[in-house]
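Below are structures written as structure tokens.
Same chain, two partners: chain A is paired with chain B first, then with chain C.
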Partner chain A sequence: MSAQDAWRIFAEATRSLGNPEIDAWKAQGGKVVGFFCSMVPDELFTAAGILPFRMRGTGSTSTELADAYFTPINCTFPRHAFNQALLGEYDFLDGMVCINSCDHVRRVYDNWIQALDTPFVHVMSLPHKVDDPQVGWYHDDIAVLKEKIEGQFGVEITGDRLDEAIRLHNRIRALQKELYQMRRAERPPITGVQALEVMVAGTALPRERYLELLEEVVEEARTAPGVDGYRARLMIVGGELDDPEYVRIIEEQGGLVVTDSTCFGSRLMWEAIDEEDPDPVRSLARYYIQERPSCPRMCGDQPRRLAYVRDLVNEFRVDGVIAERLMFCDQWLVEHYMTGNDLKADGIPFLALDREYILSGTGQLRTRVQAFLEAIKGTSVTIRAGAQSLA
Partner chain B sequence: MVMTAVKQKSVDRYVRERDRFAEMLEMARLVPGDEGELYAKMFEILLDAKETIVDCVENDKPFIAGYFCNAPELFTAMGVPWFMVMESPFLQSSAPYVLSEIDATEHMGLGTDLCTAIRLPIYYIEEGLMPVPTAAVGLLYPCDATPMLQQVIMHNQGWKDVPIFSCDPPYTSDERAITYFAEELKRMVTFLEEHTGHTMDIDRLREVCEESNRTYSLWQDYNELRRNVPSPHGFTPGGSTAFAISQCFTAGDPRCTEWFDLLYKCGEARVKAGQGSIVGNPDWKERIRLFWFDILPFIWAEDFLPWLEQEWGAVVVMDMFGHCPYTLIDTTNEDTIFYGLAKRALIDAPMIRQARGTAENFSNDIRRIVPDYKIDAVIWPGHMGHKDGSAASGIMRRTCRELGVPFLHIGLDLFDPRYTSVDEIKDRVSEFFTGMGLG
Partner chain C sequence: MVLEPVLDECGSCTPAGNGAGRDLGPDELTAGHNGGLTALAAGQNGGGATLTSNRPFGTLVGGLDIGSATGKAVVLGDGEILGSFVLASTANPRQTAQIVMDQAIEEAGLGSLDELDYIVSTGYGRLQIPWANENLSEISCHARGAHWMGPTVRTVIDIGGQDCKVISVSPDGKVLEFVMNDRCAAGTGRFFESMARGLCCGLDGISDLANQGPEPCSISHQCTVFAESEVVTLVNEGVELPNIIAGINRSVASRITSMARRVGVIPEVALTGGCSKNAGLAAALEAKLNLSVVTLPNDPQIAGALGAALFAADKHLAQVA
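Let's turn to the complex of A and B:
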């Protein structure tokens, strides 16, 4: 298997819901469970021998079936994902785990159990704070999910199996982070589009198989000539962004996305899970509540999130930050309001963009990014000479 | 006491609101009979709340910013003056400057799709238009916007020295959830003791909870009266007003119980006289009994709610905040009290009850309220901030279909009549009533 093959598989897994790797997994009798939000500990599924699949709405062109359940003031991400489920595009799932990550996604659970007959459907209760009592709550909630998986799928998730799964997921995180850190270079080995493909594919493929492919990609990146000819180094901050085409439009205007803080991006892997704790469920709870970079949903953690963004801006020599938000998302609206004020005070150019889940309004997006790049040109000290469009 | 300009600015609108309530109290005192007294007592309570906070600011006394449905009996028992951080959009909804303040929130960069009731307090905090308290406590539901409001408070430079504790309600409603939340409430008490100098006396808390039990018993009795045809009251005074008085201003206070006692007497007198909510014209009769499943509208209430009654004979017999499923608190010991307060906050209190967890309480409430109150139609107004509820509107519609009761989802802003105009709302409602053969 070459890196070229790995890139092809990653692209394929990113641009559709199902993929041949899932087909092969299912053909061998493997189970697949979908899950919403990166706060669900997918290590549990791996430990149970189940393929965890991060829910998306990829390929959706309409929400007409979901609109009988949701309304126009609901985020288009769950509407498209649920529409895909109603169309049967998620029939390969043997289970679905939802979580109260936001007001829109949490209602997918309620509507799913009304409309679909997936054998196993569960909703997790994620705390809103990052303190020790919340770690305790989430520990017990993870234990409840573990017990339900064991009961539903007839498997025992032993401590050893969970330790092994955590080690596997950590190995993936380490390689993803290594790939990201190579992007600190003046000539990053991959584009933002490729980085997102790597990350999304990591939520859609059997994890051991994904690790093999990732190793190929990282190995190739170590000696890649790198990308040049860009006008500015950009960082994307935001939530549910799983569409590389969105990043492509940004990069086509001449900006190179060198890092991010998004739900499918660096926040997934910047920190590793503790492998030493004798209680791996406690390790998971601590990691998801306190240790991994948080999202705006976690109250009281905004200073740490801002520090995380600032650190990445410095580490990756970012010229400007693009803050993307899905329409009707209260969490990212207010977070971007605060982050924007803070970064502007630091002198860091900041552009807030609202978007729909399905790529649309691309003309406006191009115009706004072009204007942003022009504005950066006036403020940044690290503008590259002789810049050419990456397109 | 001489105040700094910053402090003066922070309390200016509270002084204005206080003065306005003083005027309204004088007007209410002119209304004869028990109903006049009912309104007068309500304004006395609101006025007292404003005076208390203004006094705290002017004289450097400790007070806190709180949040609705966050076990207010605890604040009463500790004797901590508090104001609800979101109260101004509700209490001053008819003030002429509110619409321009809504515009100002957009200019700040808060967009137009964030709940107006959250955008406005963010604006007040960011612009220094809200009294800066000694400490702040919050509740991290019923919606995504709530924790974001808390985080703006934490982020704001003017409030940077204000210690904050936010209670974290779990998503589930079982024993584990209630016990966890009871511990959160205990942690909130410890926090308040540490930062306000006020202490908790468990015997005093017992008294307060017994008082609030009396209040809620009376409220349940009063709601029995609303089952009558015609309902003795409509959009006022038993719904949102009853909630505000019991949860935001006088929880566990004998004045609160007295108010509900008077409310009951007023309702009972009307039932005995066969008098419904609609008065002023012999042709106006109750013809449609409505369940308005949300908060009632505010800024545009006067343009709409009387129209409902007079044009269509449509009486809001029940609304989300008028529903009273409050269970009584077992005051045996500290643990039972905190357990009861946690259960009341999580499972009973309006909006938290429906929006905090899975959608079943939306459908359960419809199933319970429609037959109990002989409801002819359910309206889910679809406030632009209530996104989880809107994502449950399909579930509500199916529940209504099963019950054979018409259901309408409108899509509006309970505060800003420019989002969906009042005329358009009236058209939608009229078409609905006509199409369903109501009225």
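Let's turn to the complex of A and C:
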């Protein structure tokens, strides 16, 4: 298995829902449970011997079926993901765990249990604050999910198994972070497109298998010549961005994405879960509520999120920040407004973009990014039609 | 030289020659375009003055702005506007570009494209022009063009066919910040075309200051489709047209004002793009922003093409330096 094979597997897993690795897993009798949102502790599934699959709407071209349940002013992410489920694209799932990460995603649960007969469907209750009482709350909710999984799949998630799963996921986080940190270099070893492929694949492949592949990719990156010839170093800040083609359009305009704070990006792995706590469920609760970089749906935590973005801007020598938001997302709307004002005060160029879940309006996207790069670099960027990615 | 989109009697905005979805021949362009006739006739007769042998300018450059609704071209000679042309976009951006540039070249008294030292394209069709040396975003170009027309301008509000943008400009004409509407016709030329259709009054009717009623209706829908239904409802309720028209302009002005406040409104403020010709909108914007919009000495619709030409001149001078 070479790094080239790993890249191919990552690219393939990112651009479809099912993938050959899942097929092989299922053929051996393995179970797969889908989960919405990076706040679901997927270590639990790994500990139960189940493959956790992060829900996406990849490959969707319409929300025709889902729109009988949702409206045009609902977020396009749950609509496309649910549409894929209604089309049978998620039939490989043995279970699905939803969460009230936002009201649009939460409603997938209600619609899912009405429309589909997946054997195991559960909804988690994520608190809205990041203080100690909320750690206790989430601890109890994780314990409930643990019991449900044990009952449904006939497994016992012992403390040892959970410790082992946490160590495996932490090892993945450490390697992903190492790969990210190599992008601080003048010639980063990978593009933003590749970084997103690495991260999305990490939510779609059996984790031990993924770790082997990731090791290949990181090993190759250590000696890679790196990407040159870009016009600006960019950072993407935002939410549910799982589509490398969106990043490709940004990079085709001449800006290299060197880091991010997104739901499939650095926030997944910048911090590690405590491996020492005798109660691993407590470790998980503390990690997800307090320790990992938070998302705007958590109240009162904006200063910490801003500090996280500022640290990355400095660490990766970012020339400009692109803030992406799925249309109608009120969490990110307000967050971007605040972050934009704060970064502008720091003298960091900031561009806020609205998008739909599936790539559309690429002309408008190109215009905005091109103008942004021109403004950063004093109008010296030339864009050719059909420009290739930087990789 | 300006060609406006033709308005049929019901006010719906029809591209020249009803040519949506097909290419336009030069012959068709003459029909219904006041002001375009002379230039086109001259071009067709081959009678356009050809000054190719006697080139009086050190630097000749072109700027193209191929927008969603109109194509614009500007020819600059040593920093002076020698020719410009505006035309409703055809379904083929290359063809639109060719026609407007040919006409601008002719107005400039030049013979052919070959005489231009450098060409920069902008607008939604900017990537489609094989004979342009380079392309730049319309944000940079509108800022540059508006700043050239009015050096004291610090905020540019560009309202085009399919988007509107507010650009904050530095004292030396560089883009500091910009905000654009997204995925929506509200607050754009398409919105006004749609409203003009609902009111059967034409774009001129919406623009006419005499039509700005004293009691503007509240148009609550930002969505073009729903706003048109809302307007039709008002018409059928017997509301006086001028109050509806004033309401339409006020609703767009309100939306643009919100966008402008995101960037921060620093005087002086200039309007560019096709909708800058809507006097009713300009008046409504002045009321909302509580300031006077500066009157530019040149056609504000060509600001993007002019900016592109100014960048082209920079590029050419950098090349020969």
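Keep this in mind: the second predicted complex is superposed on the first by the 378 of 391 C-alpha atoms of A that agree within 3 Å, B and C clash if a C-alpha of one lies under 4 Å from a C-alpha of the other, contacts with A are read in each partner's own complex, and residues count from 1 in each chain.
In this section, a residue touches a chain if its C-beta (ideal position, glycine included) is under 8 Å from a C-beta of that chain, and two chains touch if they have at least 3 such contacts.
It should be emphasised that the depicted structure is a prediction, and the values quoted were computed from it without experimental measurement.
In the superposed model, A:N111 lies in contact with chain B only, and not with chain C. By the touch criterion defined above, A:A27 reaches neither chain B nor chain C. When the two structures are aligned on the shared chain, A:Q370 is found in touch with chain C, with no touch to chain B. When both complexes are overlaid on chain A, the residue A:A345 reaches neither chain B nor chain C. Look at A:G361: by the touch rule set out above, it reaches chain C but stays clear of chain B. After overlaying the two complexes on the shared chain, residue contacts for A:Q331 are found with chain B alone; chain C is out of touch.
Comparing chain C and chain B on the residues of chain A they touch gives the larger count to B.
Counting contacts as defined above, chain A residues 327, 337, 352, 354 meet chain B in one complex and chain C in the other.
Residues 124, 127-128, 134-140, 144, 163, 174-180, 182-183, 262, 311 of chain C are the ones touching chain A in the complex.
Note for the complex: chain A touches chain B at residues 68-75, 78, 100, 102-104, 106-107, 109-111, 114, 123-129, 133-134, 137, 140, 296-297, 299-300, 302, 327-331, 333-335, 337-338, 340, 352, 354. Chain A makes touch with chain C in their complex at residues 327, 337, 344, 352-354, 356, 361, 363-364, 367-368, 370-371, 374-375, 378-379, 381-385. Interface residues of chain B facing chain A in the complex, by the touch rule stated above, are 108-111, 113-115, 118, 122, 140-141, 143-145, 147-152, 154-155, 164, 166, 168, 170-172, 176-177, 180, 183-184, 187, 355, 358-360, 382, 384, 387-388, 390-395, 398, 409, 411.
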